[in-house]
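Look at the two complexes coming up: chain A is in both, with chain B in one and chain C in the other.
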Partner chain A sequence: MNITNDTDNKTTTIHVAGRLDFEAAGAFQKEIESAVAAAAAAGNALIIDCAGLEYVSSAGLRVFLVGARAAKGGSVPFAVYALTAAVKEVFEVSGFGRIIDVLNDRAGALEKVGRTA
Partner chain B sequence: MSVARTAVGAEAAALGPLQSFLADFWSSEGLSEAERFPFELALEEVFMNIVMHGSQGLTGVRAVVALEHVDQAFTLTVSDTGNPFDPLAAPPPDTEAAMEDRPIGGLGIYLIRTMMDVVEYRHEDGHNVLVMHKRLGAEPA
Partner chain C sequence: MISLTEELTLLAVEDDGRIAYTAGSPNFAMALVGACIIDLNNAGRVDADLAALNVLSTEPTGLAAQDRVLELLGAGPSQTTERWVLELQADAPALIRMTLGQLQQRGILHLTEKRFLWALHTRRYPIDDGGKEQKEAKLRILAALLSEGLPTPHDSILIGLAVAGGLLEAYLSKSEIARLAERIDEIGGLDLVVRGVESAIRSDAEVRAHAIMLSIH
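Moving on, here comes the complex of A and B:
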């Protein structure tokens, strides 16, 4: 699993790629928690680019939930976008698509968190 | 009909080799990569459940993973020597619940039941046996 992030126009983007399984979930959780804390302090939004994410299990899914809760607690606008078919299926089956904003692409995510594309 | 099986200790470090075992068998059978996902997911969810819960209070718990490809169907069977546990007896999570009300966890078996055609549990000769079966090549729902 590969995680990078960048910040531009008051928006932090985490790019997550590879396999988000039990083993990778801990590193992703650290990344997302520190990004939420930094975004809250700076008044930034946080969006997660999942275009390269090939696989997610329930262990990975719960990190998205932890991240969404932390973002809500810190008043950080939060959205995920560009889910691959397998990841999208997991979000839909679990009902996470109803509690986390999932957008098709970056433009949609930026609009959702109140930033112009 | 093709079958393959492997046995491992119930340790988190065995998950990677088990996924490779599944991936290698899958490609040797010439199956569509896009259809492997539900089985990868089931393998992780079931095996990690054995590692984290089925082995509690025990040492030397073993798991056997068996793969079977017959015509247009695939069966994943995971058996283990851990504590007797019927994952199908657990109540389903409330997938309609609001974010604040979501328990963190408990989703794995629900994902498996939703994505597989058939999931069966039995306790046999001191082993938990979980059989997961799905037809391949079906149109997505």
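Moving on, here comes the complex of A and C:
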């Protein structure tokens, strides 16, 4: 799994690519927790770009809940976007779409977290 | 910290040490198997997706019930979580006994055996730690359901399995459950393994209903 992040226009974006399984979940959780803490301190929003995410397992999926919970606790606007078909199906089956804002593209995610593209 | 399987089993122990009748139901059996699988997932022994429950390592965890499930998963074919839960529900009585044994070892409850009318043998598991672990689990479930925040993955899973296993009725009234239904649906069981347990419960109910219909005709 490959994780990178950048910050622009008061918005931190985590770009996640590859397979998010048990092995990768720990590193992704560290990244997301650290990004939430930094975003909370700076008053930034946090969005996750899943365009390159090919696979997510049960262990990987839990990290999204950890991230969304931390973001809500820190009053950090949070959204995920550009889910591939396989990941979208996992989000739908598990019910994550009911608790996390899932948008089709970056522009939609930026609008959802109150930023303009 | 106790395991999810131990926590779920503890929720089935009543104030007088009796194991709730619910624990004998197929739904609780499947929820318990799900709890074992999630403990194994958290310990890095298995991982699940929509297509299969995959064994990553067969190294024992040291917890008897979870290791029994791991042994069976490791020896079996690659198949969905739903399929595994349906198959392993038959092992639930043994898994419950093993988990009660684990809870005894931790000093959380103890076993008392009594005879009633010189013949009927009863077993009870009075809770020893002042009910601390059980109270904490119940309070966490209630706090998650009554708040507006997002639950931890652990609490979401515990709520999902408690609902699937029919345990919520033991300490919430029907009207309270009805009032909280939307919230339970929103935050309970946000997990692929729990969804597999729910699918297994639906499939099992359909098979049982079909068998009854066949016996009528």
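The rule is simple: the second predicted complex is superposed on the first by the 117 of 117 C-alpha atoms of A that agree within 3 Å, B and C clash if a C-alpha of one lies under 4 Å from a C-alpha of the other, contacts with A are read in each partner's own complex, and residues count from 1 in each chain.
Here is the rule we go by: a contact is a pair of C-beta atoms (placed from the backbone, for glycine too) under 8 Å apart; a residue touches a chain by one contact, two chains touch by 3 or more.
All values derive from a computational prediction rather than experimental measurement.
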{"item": "First, second, both or neither for A:Ala85, with chain B first and chain C second", "value": "first"}
{"item": "A:Ser94 touches, of chain B and chain C: first, second, both or neither?", "value": "both"}
{"item": "Contacts of A:Gly43 with chain B and chain C, given as first, second, both or neither", "value": "neither"}
{"item": "Partner chain in contact with A:Gly73 - chain B first, chain C second, else both or neither", "value": "second"}
{"item": "Partner chain in contact with A:Phe22 - chain B first, chain C second, else both or neither", "value": "both"}
{"item": "Common interface positions of chain A, toward chain B and toward chain C", "value": "21-22, 55, 57-59, 61-62, 65-66, 68-69, 72, 89-90, 93-95, 98-99"}
{"item": "Chain C partner contacts - residues on chain A that touch it in the complex", "value": "21-22, 55-59, 61-62, 65-66, 68-69, 72-73, 89-90, 93-96, 98-99"}
{"item": "Partner chain B, residues of chain A touching it in the complex", "value": "21-23, 55, 57-59, 61-62, 65-66, 68-69, 72, 85-86, 89-90, 93-95, 98-100"}
{"item": "Parts of chain B lying in touch with chain A, wherever the complex brings them together", "value": "12, 15-16, 19, 34, 37, 40-41, 44-45, 48, 93, 95-100, 102, 104-105, 107-108, 110-111, 114-115"}
{"item": "Chain C residues within the chain A interface of the complex", "value": "38, 41-42, 44, 47-50, 56, 149-153, 156, 186-187, 189-193, 195"}
